[in-house]
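See the structures that follow.
Each of the two complexes below includes subunit A, the first together with subunit B, the second together with subunit C.
The block that comes next holds the complex of A and B.
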């Protein structure tokens, strides 16, 4: 399945997933807590720029190109946040708040850009292990996440089949007539999946 | 009934059995698939996300605990970098954006819907389903989403609420659609709910007696 991961060999890519998650969370939280004043604007923007420059995402202009791509994907959030804030609370807090929010979002994106999903799944399983004393089964959590990941493309194909079948009969693309057959197909798949898991010793 | 009730409650909190695990995974996947391209456009080509429709259905069909758990699973996968939200959004960043609270609201929303629709382990009926969709699918999601949006953007709560009014008509359409789907499913595929309800005949007998 498609992920947000971009292969690379920089230090951020090589850093273990658990500590990397904590590092990025700390930076993002620090940026989020900046006050709504003019001084926050260059600070937030610089942290975001530096984050992309020092992360070692790739050679030459690659990091800035990636940052540009992230910002382009956020254009609607930037626009709506900026305009609504200028209308309601004035220019200074509007620009400061928007810069702060956007900097936090693009910095947080560094995690997905530089870490494979499997590495993060392993990190989650390890990170939850101390909670086993409280009755949390970390292996079952990891199984649940993995099963869901592998189920999404299967259900995506089933959804396309249902749509194709309806189109072949000349039905319009309408949520209500699509969802009921799709739900029944998906729930039948859930029963099969449950049986398959039981057959493999998952109780 | 008390046995199945205790089992489903127990399994959701303490130990998730294979069947429940599969159903949780499927509903997380359903919400993800509903956000994929190839979606729908209604009312003159305005694109809408039908993902909240999936949230409403999760609570109503697999119940409060499993429904909420399936939303936790979906959000966990989004957080570790899968682009599962509408428009291919994903990654840790969405939890720091203006709509972060609405995502957490999905967990509470699915739970509240499940509680109301499955109230006392009874069969979903029209009025309880629509009440659940309105209270859980709209009110509960906004109750978490609005304060977080206001906190993140720094815009006061009142103004944030005014901005969000744009989405209310779409939410009402989704609540009605979800209700129709649940009521159809109760008749067409009662197996979906994995519960046994007393049939109409025995209820009549009891009222005679």
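The block that comes next holds the complex of A and C.
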């Protein structure tokens, strides 16, 4: 998810992060607000498709390749949303809901694909600055977002380590014996991260 | 000279209900100081204390002539701390961005920021990894990244807790040279590598939460090896 950024020179890559964030937010919102009808299905799909085509991600088939990669990564989410909704609310709304949710996700991914985290952070920090008069610390909010984002892959790795350690000692995969050691490791990481932020000059 | 060193008077640190450091009195004025001792003897606690990451429970402490309890913000600007676990020190998703993060609060112009990041990456041999995902690096590469992020702020005092623990022989030598050979920073180096400790100007030996010896590295190491033999 984080290593999603792909260097490029298209117009979306060159667009300043702030306006880009707003533009993509608007498109994502519009797609999510489509009604749960059959007619929404081609609309949402086309918007997502067009989004990747016109974004200038790269030469030739590369943008569609990227879209395919995104959809493949989302296959479980697609399956689960589709099946559970077909069971509970029927075929038409299930297909329409799934299409617009997936379209919204892949469109949002365009932001991550074309923007560095640093640029995004600076944009968020700048965008929130007007709210400082209301007592909001924009630097802190931006930092909090970064740290949250950066913690995800680390915790993923730590989870794998805990599982490996248990397997190495002959334990089978068991969520109950996994959760406590993982929580301890996660809290320890939070502790260390606090130290690291302090050590690197963050208030 | 005293103004730039580290001075502890009857310092104690209590964590939970154990006295991790007890009644430490010492004055350290050499440029590079090795901290050695057995596992659990209190070395990391000492490093965290001096680095301003841990408050003392009792006694008096001066680092660069300042009291960390009162002048925390200023000391944080002048001191860099490097840990042995490089995972916890990485914050941004790519190598170049993570190094730049260290200068975030300086609000530099983009061109100047980039120039400084590039110089720092070159110095630590990270240039070819600039755009790589920082969390996917090997342990040794991560440690080089952490060091780079620490040194780019031109600290006056570097506190390193087993910084070569994850490194192969070549990278360990590179890191050690960076830490020991510069002349514009002081160093507190916690290490189990006694050849590294021997390269420092002064050494302290910790044992069981207290100071067991201080002096020329060769003498202190000899004391330590005598303890290890019995």
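The rule is simple: the second predicted complex is superposed on the first by the 136 of 203 C-alpha atoms of A that agree within 3 Å, B and C clash if a C-alpha of one lies under 4 Å from a C-alpha of the other, contacts with A are read in each partner's own complex, and residues count from 1 in each chain.
Here, a contact is a pair of C-beta atoms (placed from the backbone, for glycine too) under 8 Å apart; a residue touches a chain by one contact, two chains touch by 3 or more.
Note that the structure is predicted; figures quoted are calculated from it, not measured.
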{"item": "Touched partner set for A:197, first subunit B, second subunit C, both or neither", "value": "both"}
{"item": "Which superposed partner A:186 touches (first subunit B, second subunit C, both, neither)", "value": "first"}
{"item": "Touched partner set for A:7, first subunit B, second subunit C, both or neither", "value": "second"}
{"item": "Which superposed partner A:109 touches (first subunit B, second subunit C, both, neither)", "value": "first"}
{"item": "Which superposed partner A:135 touches (first subunit B, second subunit C, both, neither)", "value": "first"}
{"item": "Superposed model, subunit A: greater residue contact from subunit B or subunit C", "value": "B"}
{"item": "Touching partner for A:117 - first (subunit B), second (subunit C), both, neither", "value": "both"}
{"item": "Contacts of A:49 with subunit B and subunit C, given as first, second, both or neither", "value": "neither"}
{"item": "Subunit A positions touched by subunit B in one structure and by subunit C in the second", "value": "2-3, 5, 117, 147, 149, 154, 189, 193, 195, 197-198, 202-203"}
{"item": "Subunit B to subunit A touching residues, read off their complex", "value": "14-26, 28-30, 32-33, 36, 38, 40-42, 50, 53, 57, 61, 73-74, 76-77, 80-84, 89-98, 152-156, 159, 163, 177, 180-181, 184-185, 188-189, 191-192"}
{"item": "Residue ranges of subunit A touching subunit B (in the complex, touch as defined)", "value": "1-5, 24-25, 28, 32, 36, 73, 77, 80-81, 84-85, 88-89, 93, 96-98, 101, 104-109, 111-113, 115, 117, 120-121, 124, 135, 137, 140, 143-145, 147-149, 151-152, 154-156, 159-160, 163, 173-176, 178-180, 182-184, 186-187, 189-191, 193-195, 197-198, 202-203"}
{"item": "Complex contact set, residues of subunit A against subunit C", "value": "2-3, 5, 7, 116-118, 146-147, 149-150, 153-154, 157, 189, 192-193, 195-203"}
{"item": "For the subunit C and subunit A complex, residues of the former touching the latter", "value": "48, 51-53, 73, 76-77, 79-83, 85, 87-94, 97, 100-102, 104-105, 131, 133, 135-136, 149-150, 153"}
